[in-house]
């Protein structure tokens, strides 16, 4: 199959020594196997995520994503913009939709961009990496590369919010999307059927400002995974991954629980199944070790 | 305007019109039919003094100060549950963001609202160099409520930080320099211009 | 090709539900020639699947008995079941219509003795009970089915069961070689009465109809309450066949919602109010109903029924569009989450059973009409000059209750008569 | 008429031949019942069986046919013979399907079948084929009462169908309530804006139609006759009267807006800026697009709409119903303001917003889009300065709004004429012209159509919405139930059909619904009549008048053939050709009554043919058993049951009698409205008869049975069997 190229928007958390740096490592490994070339948007900036609203307001926030889109149009013309981070994808896609829907927003945004000599048309598709996998490859094609099926692992597919709403993945419902389960199956592992907290919010946006509230949400997400007999949780979102994984100690001390639930990226699962090693799969970035996955990676 | 809209203005549309003019997606407020699905869908529902649908009614009733000084909108986790379930297509998440932003801009949002403070730190952090510096953001966050509470929080968060450092998902070196874009000047110019355009659009009420 | 006598003074009625039957009979009782086609093996339509009507709580089969008597007695109506309209061309006063007649495999000799049904082993989901129960591969659709004649399910043709059915028949009524036929006829006017279908509850994902056993639809609930239904009239919930005594009714399940149907389906509020009385009828003081609603639309005179139900201490009204439903795995109870907007009360209410008051969707999708008619964005046919002599009756014109459907059907019968009278040169 | 020649045909199919001794049945038919031709057949309903019967009719002169096979509800198409009187003996659903196929049961099952053969043959002996009345009259003219949107639509539609119309309107102009409105709720997609009322166009269509004769400033001062031959006196304001003859009548007398001055809490009449919906529409019509001003001349900047003003309330003097149109009309009226000037604030205060159907919800959204605001609230008071005090039900607080104009959505009160149940009208034909009456019928039972609860002219409004209790007179529009213009126009079109149908039926002497097509009609033996007036009083349809000597005058075209008169008659002088005191009475007398010591009681079951009888049929389809001692006779309506049948049955040694009719009362299911009620009333007096005969009162039981009572109906029979076992056999066996 021919190499597929995309205009890549990595996002802040994917940077070196940032919270999602291991995500990027596994994405790179996965793309290597699938022959995907990610052309990073030069000099991309932060999308301001959803929390940017309070200080940023409407137009400055749109301008941030518009700048990325303008740079992509300039340097990676003809390619779809692909993001791996749910927040980055959502902010960019939302901006594209808003600009295309409203002439005056388009005009004002371009007025702002003109201050740096840029112009946006919002004519590139904005996609999440998962969409690329499902739509441009498909489960069968993804399954063909599996070298080490992830046998004996039961995985709760935690889709979360922003990869799911308000856009979601084509053909999936907001309340019970099944693509992660299908991916898990494709990689040879066993999905948790009807994982009840599949699309519940982890409170990521408020993890810092309202930790008690967000941790209460995380507790339910992990509990439901244990109820479903999961060995680990898989997620397509760096905010979800970090939020659900790293606060478990604090949750344990507050709620007297004994959580030790690993939370991995789909790309980590895929890298391991595709035969990449422990480090290439980003497994060294796990705060809670997914032992069964580590074992396969180290085989 | 004083505390609440004067009696004579109740259920008249002055505040509604203000929201329509000055709040992001505010023109949708009038389309709510009070079904309450948004209120029931919010993951932080119980933390809202006034859930979205009630806020929409308060806007129509002219309860300007009660709405704008409320901490409720700041509880939004941007999960978009309300948007996808709303039978009337209201972009509720954005309206909540818009109301919070408007209150913040007017300076009447609750002073010590933690998300309000965090959001400001976040924006300042990202807009300075064009990308988020997670470490600096974190540290600033610990101290946003003052030194003593900051040290407490930092101590509480220390094991977490160590875990992150251990797994190379955080680096103390980030504090000095760290990531950023090249064309910070251009970015600042864009943001300045965007703010100017937005400020010029604000209508007086 | 089947031989059917029709002229440009004949009125074709498409659909044999309450609207189609009414239109056909009213026109016929004015002396007009009518052909009534129905795609199912029996007339009666959706109302034959209801237990009671609101607000009188009388039984639809009662009015059906009268209509069947009228139909049997009237030589002006020719009924064709298992027949679909495949094409229409022409203009007012002169339409050419193509029909497809599907084989029933049972001829007029059938005495409904039931021997074939007993002989056949294979079972299928019972359409009359919305799949809540099973029926045999040779079957009478229901006790009031008309024509009163068995049907052989085409899926058993060519199997041993078909032969069993045939050899069991004492009156040689089964003809396994019966073939589908097509027919062409000329008519002067067409009454389109194809009715509605319940909105597909699977699409309302937050309510978990596809995942939670004890979440059912309002039309299914009618079958549970009906003595002819799969439980013999007992309200037993699907997960464990236990009596469901504490039942939630969710209004606007699929209606008034841009995600599903934008329109209000009009009947659902009254239907749930009515169904709350089933709970009380079956369980007395132990029966409890909760109605989750946005606006109770008990329109016009019949609001007194709403007031009566409201005065029942065992019926609770919650002004709320339910946000989502979870299943309590240990009890099988659906748990409803949401906010009562009257004064902001959050709830997480477990119920034995949840009934989704599903909306009305026109049976024929917008693009599927055999001839150009004016259809609004909701899929309902609008009255319009450009429709020529094609007149919508009942729920193909709007979401209507039975009373208004009958009204609409009677009106469309007159409109059709006006056309065929013109064709007959009787005008003036 | 030719000699009576009865053919009895016994089917052996469907297991009848296996379960019953059909030879014996044939003997019973010949020997006991004296049928002239008796034949058995293996499969009576097939072509060969039918041909056999037809042959006998054609060549043997058989003119009465007893089909002894399945239920009268089955195989009706097969057994359709022209020119003969026919009945059915129900051996399948009535005998073998409700009895076990055991040896012990064999004897009583056979006896059951024997009796049904006797009954069927006997019945045919006493019935003749209805010939239709010779008095049938045909008049194509349709009278429409009321020149509002309903009446005008009915007139135009009837004329379009080819039937001449006389339209009377009591005011000087056509248009009615709709004519006073500025705009109407939209009737077409996109349902976004108020649209022209269409009244002017309708008036034009009427004025240009030679088939429609309009009488303005006119009322009906007398209506007499029957479908096909109504005579109506049309009197103008000035007092001149013309008489017209019409075939059918459409009553479209509309509604009056509820009197808002009864709503003292809303300051109507006291506050200058409180108006009703109708008044606002009139204001808008007068302004025709110019800015609306209050009575004090000030321009209106804010409007509050109070929904359900005096409606949906059980408070005394309020309407306990919803008028259906007001929510949408308030949206429409709020748009009057918003479309003219978006700066005007409009707030609709409602408890349940009712904007049904495809168009309703679109129109609601369109209103919101234009800036009309909606508040869920309960209005408690409007002060004299126009402050609306209400409870905001969402914000859960008592609050208020001050508006320049307050609009009260008061409801519709039907112009339905005199309530003849309340205003006693027991002097037939003598009532004077009464302003409140719409029709001024000279019928024995009163001047107007009987009302349903809440005062509307309605009856079987679910399945058969047009069937009033006065044949040939159809109501439509808000007089029938509250409705908006769109529904009224649809309703009027339907009513026009029914009127035309009535004209055609009357011309052929055919009955109207629910026995549509029935040619039988009641006749009475004048010399036996005692002028007791029971038939004239009890007829649910007011079909019977009285002549000067107080003898009943039957108006066949008004009659619905239920037989309530026959049931009422104490001297049994009323009968139909194929349904009479004898057709039933002789059946029940001609069964075999075993003696007191046989332990074989007999239970007579008289069952409504539309509900109880089908319920028993469907019970049989499920093989639900009931007592072999029951003998079931279907009746047209329980109202047709004459107490002589009970007396005869008890005198002949029956041990119990069960009567099964339909639900009565406000939510009646009885197809003849009052039939079941009359029967229940009569049966309440039957205890005296029982006491006189020295019989236990439990031996007669009257029930309301629904068509779905497939388990209960057989149970009721078995209950009677148990009762008989308890109280013992009747002593009246011979």
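Chains: A, B, C and D, in written order; residue numbering restarts at 1 for each.
We take it that a residue touches a chain if its C-beta (ideal position, glycine included) is under 8 Å from a C-beta of that chain, and two chains touch if they have at least 3 such contacts.
This structure is a prediction, so every number in the text was calculated from the model and none was measured.
K.L.:
Can you figure out the chain closest to the middle, judged by Cα centres?
P.N.:
C
K.L.:
Between B-C and C-D, name the chain pair that shares the greater number of C-beta pairs in contact.
P.N.:
C-D
K.L.:
Where the CA atoms of chain B average out and where those of chain C average out, how many Å apart are those spots?
P.N.:
Using C-alpha averages as centres, the distance is 49 Å.
K.L.:
From the mean C-alpha coordinate of chain A to that of chain B, what's the distance rounded to whole Å?
P.N.:
23
K.L.:
Chain A to chain C: how many Å between their CA centres?
P.N.:
Between these chains, centre-to-centre, one finds 46 Å.
K.L.:
Could you list the positions in chain B whose residues touch two or more of the other chains?
P.N.:
33-34, 53-54, 81, 84-85, 88
K.L.:
What are the residue numbers in chain A that touch two or more other chains?
P.N.:
174 - these are the residues of chain A that touch more than one other chain.
K.L.:
Going by the touch rule set out above, which residues of chain C reach two or more other chains?
P.N.:
206, 256, 319, 324, 341, 344
K.L.:
Every pair of chains that touch: which are they?
P.N.:
Chain-chain contacts present: A-B, A-C, B-C, B-D, C-D.
K.L.:
Which of the residues in chain B come into contact with chain C in the complex?
P.N.:
Residues in contact with chain C: 33-37, 39-41, 45-46, 50-51, 53-54, 81, 84-85, 87-89.
K.L.:
Could you please specify the touching residues of chain C with respect to chain D in the complex?
P.N.:
Of all residues in chain C, those touching chain D are 18, 25-26, 29-31, 51, 53, 55-63, 65-67, 69-70, 72-74, 108-109, 111-113, 143-144, 148, 170-171, 226-228, 256, 262-264, 266, 295-304, 307, 319, 341-344, 376-378, 380, 382-384, 398-400, 402-404, 406-411, 413-415, 417-418, 421, 426-428.
K.L.:
Contact residues on chain D for chain B in the complex?
P.N.:
302, 304, 345, 347, 353, 364-365, 368-369, 371, 373-376, 392, 394-395, 399-402
K.L.:
Give the list of chain A residues in touch with chain C in this complex.
P.N.:
Touching chain C from chain A are residues 173-176, 194, 196, 227.
K.L.:
Quick check on the complex: what are the chain C residues that touch chain A?
P.N.:
205-206, 208, 210-211, 324, 326, 329
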